[in-house]
Each structure stands twice: as structure tokens, then as C-alpha cells.
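Below are two complexes that have subunit A in common, paired first with subunit B and then with subunit C.
Our next item is the complex of A and B:
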């Protein structure tokens, strides 16, 4: 597969699409994941006695775990095709892109395939996140003098 | 009530991404990168912290929170170490997410084959 996975996904949806319906589905699914995130934060802070910042780390790991597992089991792709940005914009999309790339490229070898291509889709998020956070962090330090 | 806010905020960000996806030629890769940059930029004046305080877990789920956590980790270290602290702390808060995403993706890819 030469083109990006998501490119193909987007192209397959290009004709005859209902934008209003797509936006509504993304709103509902994305919102449900957000509410689930809040539920998990409260769940972990109540049952494990964690602070809310530790509980939110547990919540993010939980979402990543299930997104990776469901991607590996094969049915998360269908969900993403249906909900699209409702599952791509939450942290589940990050885990989904990494796991699907890892499984897709495994047949080309563990180093040249899996190792080299795992970050093909997720790498851009990390790259622009780090560069922008560094620049904006500098700006904030200069303007407001840190926290 | 915080569940409603979580639902509305995460849903709004996802819908915004879907509208950009449908009405422009940008790919999901462009949109997630854009949202991370927006999340980091909202922290210059503490705006994303305010959103997290009011919305709770729903604000930590969309990819915008990744940018927020990156800049926030850097600023915490910069508080003690000055400018070099930015580089030291930038991955502090996101390390758990990135590490577990790498680990789970690797482990699961060992056991599962692509389904076509």
C-alpha cells in the first residue's frame, strides 16, 4: 500500500456524501467519547483514590488500550469509516493510526517495515505538537514569565 | 452537569474536524496536526486550562489536549530551569500516552494480522 491509509479512506467517501449527517455523527460519537473520558476520570479517582491529574492519565491510557485492541481485532476500521472525525479527533485516532500502521507494515519486516512505518501517521502530530509547544512556550515565558 | 459539558466540548471539536474534512481538501493528518497546534496556542494565555477546569475529562480526550499537555509539561520545568526547562519537560505529561500507544501497537501487531 503506497498511499496513506487515511487518504484512501477519505477518497472512498468523496462522492455522494451528506455533510450535515457526517457532522452530526461526528458530534455525537466524539461527544460520547468525551463523556466516557469524564466517567473514567471519576471512576479511577473514586475507586483507586487517585488525584484527578493521575486519573486523567489512566483514562487516556485506557482509551488508547481499547482503541489499539479494537484496531488489532479488525472492527475499529469500520467504526472509523462510520464516525470518521468522531473517532479520529479524540485520542483514539492517535492509537488507531499507530496500531493500523504497525499491523499493515509488519509483513515488510520488523525493522524496515514495522519500525520505520509505525509513526507514519502519528509522527506528524508529535512533530507539529512539539514544535508549536516549544515556540508557544517561549512566547509564554517572555510575555507572562512562565506559569 | 460536567458530563454534559464533556459531551458538548468533545462533540464540538470532533464536529469542527468533520466540517473541515468535508469542506476542504485537508486530510485527517492535516486536521489532527492543526488541532494540536491550536491546543498548544490556546495555552499561551491559559485558555485551555480554563476549559479543562470547566469541562473536565471531555477536554482531555480530543487531540487538542495533546498540544496542551506538551506545552504545560514544558512550562512546569521551565518554572525551575528557565528556557532550557522547556525542552526538558515537554514530554513529561504526554510520555504515558505515547509510551502506551507505542507499546500496545507493537504488542498487538505481533499477534494480529491485517484484515482485508
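Our next item is the complex of A and C:
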């Protein structure tokens, strides 16, 4: 059989994924995480009297802490499977990827295992995050004069 | 290449499974199961070694044989450097052949073992395979606690160990012939759709087996593929018809039989891994052959010779399938 014809045969047996439903769940849960983040910012700035930029840092730390804790307790992966990008795109996904890799390689030593592999998934995000921040910062400097 | 055998019998078989396989439809037929994924060891890799060792202890006990009664130990698994097999072999003190055909390893082992017995070089050959879901996840995919969603075509590596002793003394089930498959490359690159990768290899091996022996599908009570999954199974039926004009009858897939796909939705399209097909064949099919419920079964284990680095470098995934014909002895 021609390889192109085989591709057609394979495609004819592909299960249909309910993309609309997945997108909707991710949208709602992602939105809830956003709302939770905003609530935490308000909470910290109101009760601890922090500036809104300091409160944002506290909010990020809180989300990272709970995403990591829930990953270590072993049920966060099930939530991620359900919510998909709703939990992967926010900072919770970043924390989840680091903690899961850290748990996985802990047995292979703190340097050769945990240290070397913890950024296996998150490394990409950090690298291209920094690169794109640099590029967009540069564009902003040129267009808006560094405001 | 198809070889016929006159004098190769299956003496005993054993199966050990993890908790998820034990929840499946074959649960009561496995010899041993564990309730966690570590089996009393402190790492996942060691846990897989434990599975293989357990299955060997069980099969030696069943057959009343000792290590020094076994002339040759043939084993394979999915871990890098077939670790599970090598570490098991180091504790056995039996001459050891390590083999790899991914999920087709078991039929490769049975075929090699059958040749050694038929040629009278060996009297008893031990063939083992193992796989561990979390070891494979770690090695081929993402960390086990990382909840990346998978498409419906993805398969689930079975956790278990399975062993078989082949002998030249007459028993209830014999290996009647074997076909060594030819690797196939059909430009498939999706590791989340291994069924589609392996179908051409399964089809080619079934076709070669039937033409080499001048048989048709009617000569078999059951044709079993290894781990194509529910979608791969349908692709194979269509492919056999279009490519070779063969209509598959009495056909099933071990990956689909190992789990309850309605209830155990985590497995997506079905089970996979070297141990997937022997768990079904050893726990269920061999018993049916012994009872003469089935007369002749073609067991075609299918393997995707998948290397993550090669796929990231935009290369295709190669597949292979080896077939073993099992027959109930009169």
C-alpha cells in the first residue's frame, strides 16, 4: 500500500476529540485560577497592607506552593488531565512540571538526579520566557521610549 | 521466515501483575498481583526487576524445576539496556540471551527458544518479559506525576512480569511454528498512536505466515495481535483486506483484552508493553488450548521500535511483529 494511502486509512480511524468541550473546561478553570489570583492579590494588599506589586509576588508564591504540594501528594496530575490548559498555562503548570520532575529523579541523587532533571520540562519555558521578555522589552524601548 | 516445529512444548507459564491490571477483566487468572507500584523495592526500576524475578520463581515452582535444570534464559523488556532482564539474569546463574523487539519481545523469545529446543541444543528454555507503566512513562514520555493529557489513540504500558518454560517433553500445548517478521516503515511519526505504527508489521507477518505455510485464516481458531489497541485493530482489518485481500476472522487484540476499556478509561486505546500480550496469552489463551476450547492460535506480538531522540530528530518510527502458532496437543 502507498504510504500516503496508509495515512488516509489511519486518519479514517482516528477518534474524534471533543475540542469544544476541552476548550470550554480549560477556559472556565483557567479563568477561575485567574480570579483566585486576583482575590489573593486583593487579600494580601488589604490584610497585610502590601503594595500591589508585592501582593502579586505573594500570590504567585501561594499558587506555586499549592500546585507543588498537590503534585507531591499525588492528585494534581489528575486535575491537570481534566482541566488541561486551564491548569497548565497558569503558573500552576510551571510548578507542576518542576515538582513532578523533581520527585521522579530524586532517587538518582540530589545532584545527578534531582538537580540535573528538575528543569527537564520547565527549562524550555524559562529559556524562551527570558528570550521573549528581552525581545519585547527591546521593542517597547524603541516604540515607547522605555516607559 | 517461517519455521515448523515437531517437538517444542510449553511446560508452564506464570504471570505477575500490578494493581491496575488486576482490576481488569482477567484479574482472577493471574498468578500473583501487587497492590502498589513499588512491590517492596525502593525505586520503579527495581520494582520492574522484582516483577520478572517473581514470575520466574512462580514458573519454576509450578514446573518443579530448579535453576540448573534450565539450559538457557531468554529475556527482554522496555528499559534502556534491557535492565530488568540483565539484573534478573545476574541472580539466576543460567546462560542468558538478552533480546529486544519492544512489545514484540515475547514472541521473539519464544521463537528463539523453540529453535534451540527443536535443534536439540537445549532441553528446557526459560523465556521472560516484563514492563512497568511508570518506568516507561519516565523513560519515553513525561515524569509520572506530570498530568499531560493524551489523545484517545495513546496506549497504556502494562505493569507485569510473565515467564514461560519451553521443553522437549510432551505437554498439552505445543509451539507448532514461528514466523520472524520484517521491520516496516510506513512514515508514521506519532508516538501517541502506536497502533497505526504497528499495523503494517502485524499485517505483513500474518500474511507471510499464512503464505509460507499455505494456510488461510480459517486454519486458526483465533488470531491475536499484541497491542494495537481499539483503533489499531480496526486499521489492521481494513489494511489486511485492502493490501492482501484477507478478511480477518476470529481476530482479537491483547491490548484490548487486558483492560476493561469502558471502566478503566486511563488506558485510552488499550494496553501495550512487552508484557501486555503474554499476560493475556498465558493467563487465558493457554488454558483454553489446554482444555481444547481452542485448537490452534496465531499469536502475533507487535512492537514499535521507538526511540524518542530519533522521533525528535523527525525520523519515522519503525515497527516489527513476530508470530508464534500455538496448538493444543491431541
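Here is the rule we go by: the second predicted complex is superposed on the first by the 131 of 147 C-alpha atoms of A that agree within 3 Å, B and C clash if a C-alpha of one lies under 4 Å from a C-alpha of the other, contacts with A are read in each partner's own complex, and residues count from 1 in each chain.
The criterion applied here is as follows: contacts are C-beta pairs under 8 Å (C-beta built on N, C-alpha and C of every residue); 3 or more make two chains touch, one makes a residue touch a chain.
Here the structure is a predicted model, which means the values were calculated and not measured.
Student: Look at A:90 in the shared chain and tell me whether it touches subunit B only, subunit C only, both, or neither; answer first, second, both or neither.
Tutor: first
Student: Using the superposition on chain A described above, determine whether A:74 touches subunit B (first), subunit C (second), both, or neither.
Tutor: Both subunit B and subunit C are touched by A:74.
Student: Look at A:132 in the shared chain and tell me whether it touches subunit B only, subunit C only, both, or neither; answer first, second, both or neither.
Tutor: first
Student: Considering only the touch criterion stated at the top, classify A:10 as touching first (subunit B), second (subunit C), both, or neither.
Tutor: In the superposition, A:10 touches subunit B and subunit C alike.
Student: Between subunit B (first) and subunit C (second), which, if any, makes contact with A:99: first, second, both or neither?
Tutor: both
Student: Just to be sure I read the superposition right, which of the two partners does A:40 touch: subunit B = first, subunit C = second, or both, or neither?
Tutor: first
Student: Given the superposition on chain A, which partner contacts more residues in subunit A: subunit B or subunit C?
Tutor: Here the partner covering more residues of subunit A is B.
Student: If you stack the two complexes on chain A, which partner ends up touching A:61: first (subunit B), second (subunit C), both, or neither?
Tutor: After superposing on A, A:61 lies in contact with subunit B but is clear of subunit C.
Student: Where does A:121 make contact in the superposed view: on subunit B (first), on subunit C (second), on both, or on neither?
Tutor: both
Student: Which subunit A residues come up in both lists, the one for subunit B and the one for subunit C?
Tutor: 6-7, 9-10, 17, 71-72, 74, 77, 84, 99, 101, 103-104, 107, 121.
Student: Quick check on the complex: what are the subunit A residues that touch subunit B?
Tutor: Subunit A residues touching subunit B: 4, 6-7, 9-10, 17, 19, 22-42, 56-57, 59-61, 63-65, 68-69, 71-74, 77, 84-86, 88-91, 93-95, 98-99, 101-104, 106-107, 114, 118, 121-122, 124-130, 132-134, 136-141, 143-144, 146-147.
Student: Along subunit B, where are the residues that touch subunit A in the complex?
Tutor: Per the stated touch rule, the residues are 2-3, 6-15, 17-19, 21-23, 27-29, 31-33, 35-37, 40-41, 43-45, 56-63, 65-67, 70-71, 74-76, 78-79, 83, 86-87, 90, 93, 96-98, 100-102, 104-106, 108-109, 111-115.
Student: Residue numbers of subunit A touching subunit C in their complex, please.
Tutor: That would be residues 1, 3, 6-7, 9-10, 12-15, 17, 71-72, 74, 76-81, 84, 96-97, 99-101, 103-105, 107, 120-121 of subunit A.
Student: Spell out the residues on subunit C that touch subunit A in their complex, using ranges where they run on.
Tutor: Where subunit C meets subunit A, its residues are 42-43, 138, 142-149, 151-153, 186-188, 193, 196, 200, 231, 234-235, 238-239, 242-243, 269.
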